[in-house]
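Just so it is clear, A, B, C and D label the chains in written order, and each chain counts residues from 1 on its own.
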Amino acid sequence: MSATRRIAVIIGAGPGLAASIAKSLSTTHSLLLLSRSLPDSLPKLNLPTGIPKENILALSSDGSASSLKKVFEDLKKHWPDSRVDVGVYNVNQSFVMKDFLDSEESQLRAGLESGVVGGWNFAQSLLPLFLANEPDNTTGARGVLLFTGATMSLRGGAKFSSLAPGMFARRSLSQSLAREFGSKGVHVGHIIVDGIIDSERVREQMGEDKDNTRLNPDHIAQTYLALINQPRSAWTQELDLRPDNERW
Amino acid sequence: MSATRRIAVIIGAGPGLAASIAKSLSTTHSLLLLSRSLPDSLPKLNLPTGIPKENILALSSDGSASSLKKVFEDLKKHWPDSRVDVGVYNVNQSFVMKDFLDSEESQLRAGLESGVVGGWNFAQSLLPLFLANEPDNTTGARGVLLFTGATMSLRGGAKFSSLAPGMFARRSLSQSLAREFGSKGVHVGHIIVDGIIDSERVREQMGEDKDNTRLNPDHIAQTYLALINQPRSAWTQELDLRPDNERW
Amino acid sequence: MSATRRIAVIIGAGPGLAASIAKSLSTTHSLLLLSRSLPDSLPKLNLPTGIPKENILALSSDGSASSLKKVFEDLKKHWPDSRVDVGVYNVNQSFVMKDFLDSEESQLRAGLESGVVGGWNFAQSLLPLFLANEPDNTTGARGVLLFTGATMSLRGGAKFSSLAPGMFARRSLSQSLAREFGSKGVHVGHIIVDGIIDSERVREQMGEDKDNTRLNPDHIAQTYLALINQPRSAWTQELDLRPDNERW
Amino acid sequence: MSATRRIAVIIGAGPGLAASIAKSLSTTHSLLLLSRSLPDSLPKLNLPTGIPKENILALSSDGSASSLKKVFEDLKKHWPDSRVDVGVYNVNQSFVMKDFLDSEESQLRAGLESGVVGGWNFAQSLLPLFLANEPDNTTGARGVLLFTGATMSLRGGAKFSSLAPGMFARRSLSQSLAREFGSKGVHVGHIIVDGIIDSERVREQMGEDKDNTRLNPDHIAQTYLALINQPRSAWTQELDLRPDNERW
């Protein structure tokens, strides 16, 4: 890494998986962290004190085109000589399983916004920056864009009629972008997290993971990092992650 | 058919596939045809003169909850003693392949509306009617709900980043509904039409199908009818349809 | 049907699904029925007495190339002026779920023989006959070759390590043949039967289907017939069939 | 790593991908390399001189149960106090695309042997050793078993009717074993290598990879290593690998 500061952008930056990804990238990248509740919620992310504060920029974004436009303008002012080369779309749906006939159209729409519209806007903001980069010396990538998926990205289910559509749509976006931008030097991947992430919030709500059936967010982040480090001759578009004890 | 009038509802009722499905159902069902441009565009559907006019009701709907509410109220007034037991969600996207970075968010949103939001609303309107039906004597179904899919329901592609998300989402909806309502007597299917339908509009734009590489809409409709007639012990959730000459 | 006798060949011709398929084809086709235990086991198939005996030829075959060679020589002698245009590969595995480390290599091998080797040989015998046919007046097909699949054609499972490989392999064969022979006028399909078929043997072993969770073989056969009757512009390569009460 | 020697077993150990995997494992593991032509062909693998010779054991095996039995007896004598905890099934088919009707049954059978029978036997040999291990301190795994797949593991194709069945079957085996042995501490993965590996043999036959369309075997091996190092709460069962320039 030369004098140029490298930036990784994580949207949907809450205390679970996103914080672990941020941590795993912090030795090579400065971090632009985005979510609705940032920057106020930054302390909740519990990032290690070892990460220099000047390497973190936390801003609010709801994933809309206008909010992302503002965010990337702010980024340019904040770190003018930088190379943005990693993006992680990690926005979660508020997860409410419901009988179809008890569901509101607004739930479907919320799922589509977080599932795919925000990711589409995020990609619109990031890709021009990626394409302006030189290929990375080690991987050959101009940029890496990773999307977090879930079991319901692959199959619908009873009570998932308002939740799964946005996640199917997100997966399709990752495929279309991989096919369009792969030969232009951009690595686009989709990580299917199949199971419950053992975040602090989950532990508060459901207790400790006594049976070892949850995914440790640091362990998931290890694979995000492995994808980011893949050289261009062998890129992964999609993989699954699940605990050894998960039935599937 | 006994004294009770059976109704099939087709939304996205244009002159190509929908007209063929309408034709194939017209011997057993009265038809409620819906699209934005109906009833004005009804003559363009070129329905056979053999279908009695009193068996057709053509109304305008854009797939919104409010327009569908009105449509089904009108239906009830028009044919008070009826059994609605077939629904076909056949709404097409306006099909514009574009480079991602030349695309507008409005295209993605239009694709999501026609791809899945309209289908979700359509199912909200139909399912309560289906669940109130007795099982059909022959098939055991209280109702059949079929969704038209496409190749891009299964895989993203370069230049499909705004088109595929809505169709992936539609597929997920069909799966979720099948899983939730199968055991309640509702057959939900998804038909992947893999190729170009040889409709009149396509022939005008692209010429005759000299190489026999297109799907004849009457032939597609034959399979819709076969699914509608499947008995409840052997229902299809998904199938593909393509011409023998299609490369895939 | 003109003067030319049409022949459908069904291998794996036991009393469950195969008998139902035979029945459904008997009005348009003479039947060549094949299995290891035929012709002795013919009475067990319980074919309707309405099918003229001279329209049935039952022969023994184990799916080997040599046995099939003999069978098709016998066929030609028996019905010299005929058109063979339907083939159904319906050979079942003997279904024994086992822990992997308690399994014998011979079980895997038996599964591969019935799963794919027999089907490969069957296709080798049938395709030259199909290619020599004129296209059917109605469907445009020179021949239709259908393979029976199962849930384990699509996903492996604990205790399925010796059973699933042959069924995955069968599915791949159906895809390869569809892609190679579609444009030559041969329709190749794969039917995923997801659930337990309510055959006489199953009823003897497991009792009546009180909860309506099994597939009625006549209902499955109805869909085989629908595929056989699809016109060439809209052929199905794969579909699933399951009871409304099946959880999946 | 304590005093106990860790062993990785690679079968299908030729000069391309397998040699790269061997290299990447050589800092943590001693290597048992297996193929038909070993040990004679060992020099062709061009392993780095930095790997101590006493850390390599090269033996002949054709993947049969009897040859593997002998191999693992030899292993035990050669390195009595060891922990076998990695296995890689990397056996390739001799790759001959043919029209179906020009193909021999022996080609299909050869594909099934290398595709799945050898892998089944390999797993029979390895899994009892894995299950006897303590969980690894870092990953929690008792053992990791990786299978190399290909594009034709996922879809059949014209001219692939004898090649794809064995690879579909291999994939099914990896799924069944993952589902059966995951909760017992064994990580089973399937890596879909989608494209041509830029091995020395390929360069001799097809020239240099001027357009950067091939997979570098060292780059593929990097992802094998990443899977081997995944902690048990976030294991990958399947992923794809392809060059940025690959069209798919």
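In this section, a residue touches a chain if its C-beta (ideal position, glycine included) is under 8 Å from a C-beta of that chain, and two chains touch if they have at least 3 such contacts.
The chain list, named the UniProt way, goes like this: A, B, C, D = Short-chain dehydrogenase.
Note that the structure is a prediction, hence the values are computed from the model and not measured.
*Asks:* If you average the CA atoms of chain B (Short-chain dehydrogenase) and of chain D (Short-chain dehydrogenase), how far apart do the two points sit, in angstrom?
*Replies:* 47
*Asks:* Just give me the whole-number Å value for how far the CA centre of chain A (Short-chain dehydrogenase) lies from that of chain D (Short-chain dehydrogenase).
*Replies:* Distance between chain centres, rounded to whole Å: 31 Å.
*Asks:* Can you check how far apart chain C (Short-chain dehydrogenase) and chain D (Short-chain dehydrogenase) are, centre to centre, with Cα atoms defining each centre and the answer in Å?
*Replies:* 35
*Asks:* For chain B (Short-chain dehydrogenase), what residues touch not just one other chain but two or more?
*Replies:* Each of 179 in chain B (Short-chain dehydrogenase) touches at least two other chains.
*Asks:* Chain touch graph shape: choose line, ring, star, complete or other and state it.
*Replies:* Chain contacts: single closed ring, each chain with exactly two partners.
*Asks:* What chain pairs are in touch here?
*Replies:* Result of the pairwise touch check is A-B, A-D, B-C, C-D.
*Asks:* Taking the complex as given, what residues does chain B (Short-chain dehydrogenase) use to touch chain A (Short-chain dehydrogenase)?
*Replies:* Contacts found on chain B (Short-chain dehydrogenase): 65, 99-101, 105, 108-109, 112, 116-117, 120-121, 123-124, 127-128, 152, 155-162, 164-181.
*Asks:* Given the complex with chain C (Short-chain dehydrogenase), which residues does chain B (Short-chain dehydrogenase) contribute to the contact?
*Replies:* Touching chain C (Short-chain dehydrogenase): residues 140-141, 179, 182-183, 185, 187, 198, 212, 214-216, 219-220, 222-223, 226, 229-248 of chain B (Short-chain dehydrogenase).
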